[in-house]
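The following blocks contain the structures, represented as structure tokens.
Presented sequentially are two complexes of chain A, the first with chain B as partner and the second with chain C.
Presenting the complex of A and B:
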């Protein structure tokens, strides 16, 4: 049964590859010959690929659940003791699994958009189908042809136990972070494919945007959720004390998010004013190329990252795909410049479209800075031969001013009308938010220490301006609705949001983003932090808090091959006990090295201790100092002694049955001896003989990053929510009737 | 051998499914597909209606004076009427 299901899964993967290959060819042929039958056939090929990839995913999930170690993927990324949730999510912890996830999400999203547009875009859809199939073909081909990327690769001989999931991935946020991120990356392929289709077919009006805008917005939502979960995981699991470290893989997800955000704003200008056509197709091509770059950075291992879980077998093909995407789309855009001329010009700088343009420049500018900082190690190596990296302060220096301007213009944009606004009206609309920002500035200067951090002070003031502007928008909208229909304030507010989902959904997104920016500025500028080495009974003060290391704890989980060194710490404020926390450090047995030292040099995770609320977050992580001379000597001597006593001068021949039994006996004896040393270390730690390095942070407002992010995601969903067709028709009919009346009059 | 047969079976199923529109006598869907010109006009019409609604909302919120709004609204409506006329003309031609 097991063999059959693996064979069937592999057959389905090959079937999906064939379906994508046929779909790409049929799409191109249908486009060239304008033959609808071939286009329909290509669309069916996408449906078929989606169905087959569903079977592949289900087959692999079933193999994980029943711990079928005859599959290398299952044996390398799970074990019989892996909890069920992590067995189910282990699929995307591997290279083959994550590529399958890419192809799977692509096929589902492609099926959705091709079904929705089956009666539309006669000239664009064949090419878009070909592009989507081409991408599917690439990822299926990569799984089947690149070494070590086939998710159905078998193990021989079949091991009795699997290696287990990477300990860093055993966290609920990491269970859903990769699919969210990948869904974001993949969904950007839909507007990209339609943009390419529109360029090839020379149909460069806003209709391709109309059909794919929602997919771009969903991509943005998924990417946002993925980034937020990744930041959350970093904050509570990695034990370095922060949520964002300008790590290459973090940056890789931020770049498409920034350029994708610019795209979502600029397409509004094309839809309404017929402008920025070159900019829009360029932005979506860049966004998709950056999404591919994100996958490349995670999977290639080209840049050192705490998040890079992949090997390097798929790096080169992905790089080739990125080059093809960039080169092909640039050539297409250049060849279609005459079709991409703007229908209008910006009439006034005091208009919403002008501010959108400025915001676009800022967002792309931020992406360029992040790109430069991320790839600087490679650039510096290419030029000087030495690899240098740019650390957090470099990013902060260049990103902060642009982020402040972005928040300011996020506040200015909604206050302006499309086309132009008179100076008098602008002054009236800008008055209240400016006054509010002034009051906030004065209050901050008088009652807080914000003056010591000018960057944060300017950010808070700009955020106050933007926030007041947005509140004003909601108030004015609800007032206007109330004047028309009467009723209570909340009802009017609800009505105005529902009737103008795109506009007010966008405002909710802005509110969330502003909250997140404020909390980033506050938590990074006003953090109290200390690194202290402590023994049981020691105390230290950080900010207004006193931390006392009360007691060490140690625990061994034989099933998970995990040793946990923990601590009980008491946190006091003004002498009052606030909370008792239990931060710990987990060490996992490494199967490769087979020494006591390898236990502590392999993967390790932190369980941080946190106590906090809306105002601030008390955060602490611990790390026992195992390099302490006495402990270090114990480990070194033990490893040497175990080797001396248990490894014979001549190793038995593992190809003979007797030799295999002897090898097993040696391994078991080593395991018992190592277990005794680990027990001794455990006892020494519990006796308080091993000092512990504590990192203690007091982060103001940090929780608002995730609250703001959640508000932004809700706003995105409101903006993406479809307008009911009946209502759209009714509104259209009303306008048509009014316009017809005008027409008769004219 | 079993694996090869399974793969061939899956590919045969795919071929059966995707070839439906290519078989002789397959029903053409050509007429049900939106004309690209019409699609473009519909997109422009929707965008124009959105602009008219936006302008109304901007006036209600005090971002446009009554005079500015009347001028913008009249222009937008004129453009909308042109689009409606173009849609009618396209319908008549078909």
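Presenting the complex of A and C:
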């Protein structure tokens, strides 16, 4: 049964490859001949590929759930003891599985956009279909042809148990972080494909943007969620207390996010004013290339990263794809320059389009800096022959001022009108936010110590300005609505947001991002941190807090082969008990060889002790020092003893049933002996004979990074939510009336 | 002023600003960067000043004051090793056999690391480490 289903899954994957290949060919042929029938056929091929890839994913998920170790993918990334959630999410833990995920998301999103545009953009859609099918073909081909990337690869002989999932990754955030990032990367291929289609068909008005704007926004939302989850996991799970380290793989997800954000803003300028056409097609091509680059960085191992994914077979093909995307789109844009002329010019620097342009330059500038810093090891090696790297402080030096300017312009942009604004109106609009920012600045200088961190101080002031501007926008919108329809303030506010989802959704995104920026500035500038070695009964002071190490705890989980050393610590503020925390450290045995040492040679994870609310986060992680000579000696001698007593002169032959039973007996006896030593270790730990190294951080406002992020994501969803058809008709009637008027005038 | 001319001036100003910024970026990145060296390179020619060393941890020990001493070996040539003294936070995945990156200065053949600069590579789900294979019951302990 299982063999059949795996063969069936593999057949479906091959089927999807064929469907994509046909779709690409039919799309191009239909585009050249302007024959609708071929284009319809290409679209249906995409539907078919999506259906086949759904079967592939379901087949593999079923294999994970029933722990079918005849499949290498399952044997390498799951085990019978893996919790169900992680069995289901182990699929994208592998190279083959994540490529399948890429193709799967691509096929679903492509089906969605091609269905929505089936009666529209007759010239653009054939080429967009061909591009999407080409990408699908690439990823399916990679799975089937590149070594070690086939998710349906068999394992022979079939092992009795799988390798399971790395303990560090047994965290809910890690289960959904990769597919979120991937979905973000993949969804950017939709606007990219339509941009290429529009370039080929020379239909370079804003119609390709209107049809794919929501996909770009969804991609942005997925990417944001992925980045936030990764940062959150790092903060609570990795035991170093940070959420961002300028690591190449982190940067790889930030770059398409930055350029994608710029794209989402500048397309508004093209839609409203017919400008920035070259810029927009360039931005989306760059975003997509950066998304591919993110995948490539994760896979190729060319840069030293905390994410050591190891050498892989798909690096070179991905690099070729990136080169094709960049080369092809550049050539296309250059050849279509005459069709990309702006319909208008920027009339005044005090206009919304001018500020959008500044905001775009800032975002792209940030991306360039991150790119330069990330690839500096390769750049410096190429220039000087020496591989050099840039650390966090270098990134901070450039990113901080640009981030401050970005927040400032986030405040200015929405207040300005399109085209230009009169001086009187500007004064009315900018007066209150400027006054508010001034009050905040004075208050910060008088009542806090933020003057010691000028960067953070300027950031808070700019954020206050932007925030007040946004509040003003909401108030103006709600009062205009109220004047129109009457009713209570909250009702009017709700109504104006619902009526104008794109605009107010955007403002909600801004509010969330400003919150996140403020908390990043606060938590990185005003952190109190200390590393202390303590024995039970010891106390230490960090910031306004006092931490007392009350009691050690120890626990062994036989089923998970896990040893946990923990501690009970009391956190006091001004002498008063705030909270009792239990940070701990888990040691996972590296093998079932039955040595005590194996626990300390395997994976170790931290359970962080955290206490905090809106204001401050008290964070502590602990690490018992097991390299103490007395403890080290206990482990070494007892392991030697276990080996001496419990390994027979002649090992039984595991290929015979009798031999297997004998092996099992040996393993059990060793496990019992090991248990006794571990009990001794536990007792010594609970006696307080093992010192513990604590890392203690007091991070102000850190929780607002994720609250702000969540607000931004909600705002994004509001902006992406479809407008009801009745309202859309009303809007287009207004446009039609306006157009008629303009035409009459001309 | 004639709008064409105004546009040209704007373009020149914007381009000069971009060139200036790019120059600053290039200049500071070369002066702020640290060279990345393997243990063999450090042994052959220990550079003065800050250096980023990468290698595989072959032994580790915690000192009574909580600082750490460990030895890193060249990933290409296991016989080339450099001792490291380190103070500060230690990432969870740190242990013998792991690839690490650490920044410090070479003093008398020992890398004296800067506080909190230790980076340990996460062994991800993508790497297939044979040593993690639970099917090997006895072999690796003998």
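Keep in mind that, in the parts below, the second predicted complex is superposed on the first by the 648 of 746 C-alpha atoms of A that agree within 3 Å, B and C clash if a C-alpha of one lies under 4 Å from a C-alpha of the other, contacts with A are read in each partner's own complex, and residues count from 1 in each chain.
Quick note on the criterion: a contact is a pair of C-beta atoms (placed from the backbone, for glycine too) under 8 Å apart; a residue touches a chain by one contact, two chains touch by 3 or more.
Source: prediction; values computed, not measured.
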Message: By the touch definition at the top of the document, which applies to A:421: first (chain B), second (chain C), both, or neither?
response: first
Message: Applying the document's definition of touch, where does A:533 land relative to chain B and chain C: first, second, both, or neither?
response: second
- line: Within the complex, chain B is touched by chain A residues 3-4, 7-8, 10-12, 14-15, 18-19, 22-23, 26, 36-38, 40-42, 44-45, 47-48, 52, 118-124, 203, 205-207, 210, 271-272, 415-422, 425, 428-429, 473, 476-477, 480, 483, 500, 503, 731-732, 735-736, 738-740, 742-743, 746
Sites on chain B touched by chain A in the complex: 2-3, 6-7, 9-11, 13-14, 17-22, 26, 28-30, 32-36, 39-40, 42-47, 49-55, 57-58, 60-65, 68, 72, 77, 80-81, 84-85
Query: Residues of chain C touching chain A in their complex?
result: 3, 7, 21, 25, 28-30, 32-36, 52, 54, 60-62, 65-66, 87-93, 95-97, 99, 101, 103, 117, 119-128, 131-142
- prompt: Across the complex, what residues on chain A touch chain C?
  reply: 76-77, 79, 90, 93-95, 159-161, 163-166, 168-169, 237-241, 245, 247, 304-310, 312, 345, 365, 368-369, 372-373, 376-377, 380, 386-391, 393-394, 397-398, 531, 533, 590-595, 598, 600-606, 623, 625, 627-628, 639, 643, 647, 651, 654, 663, 666-667, 691, 693, 695
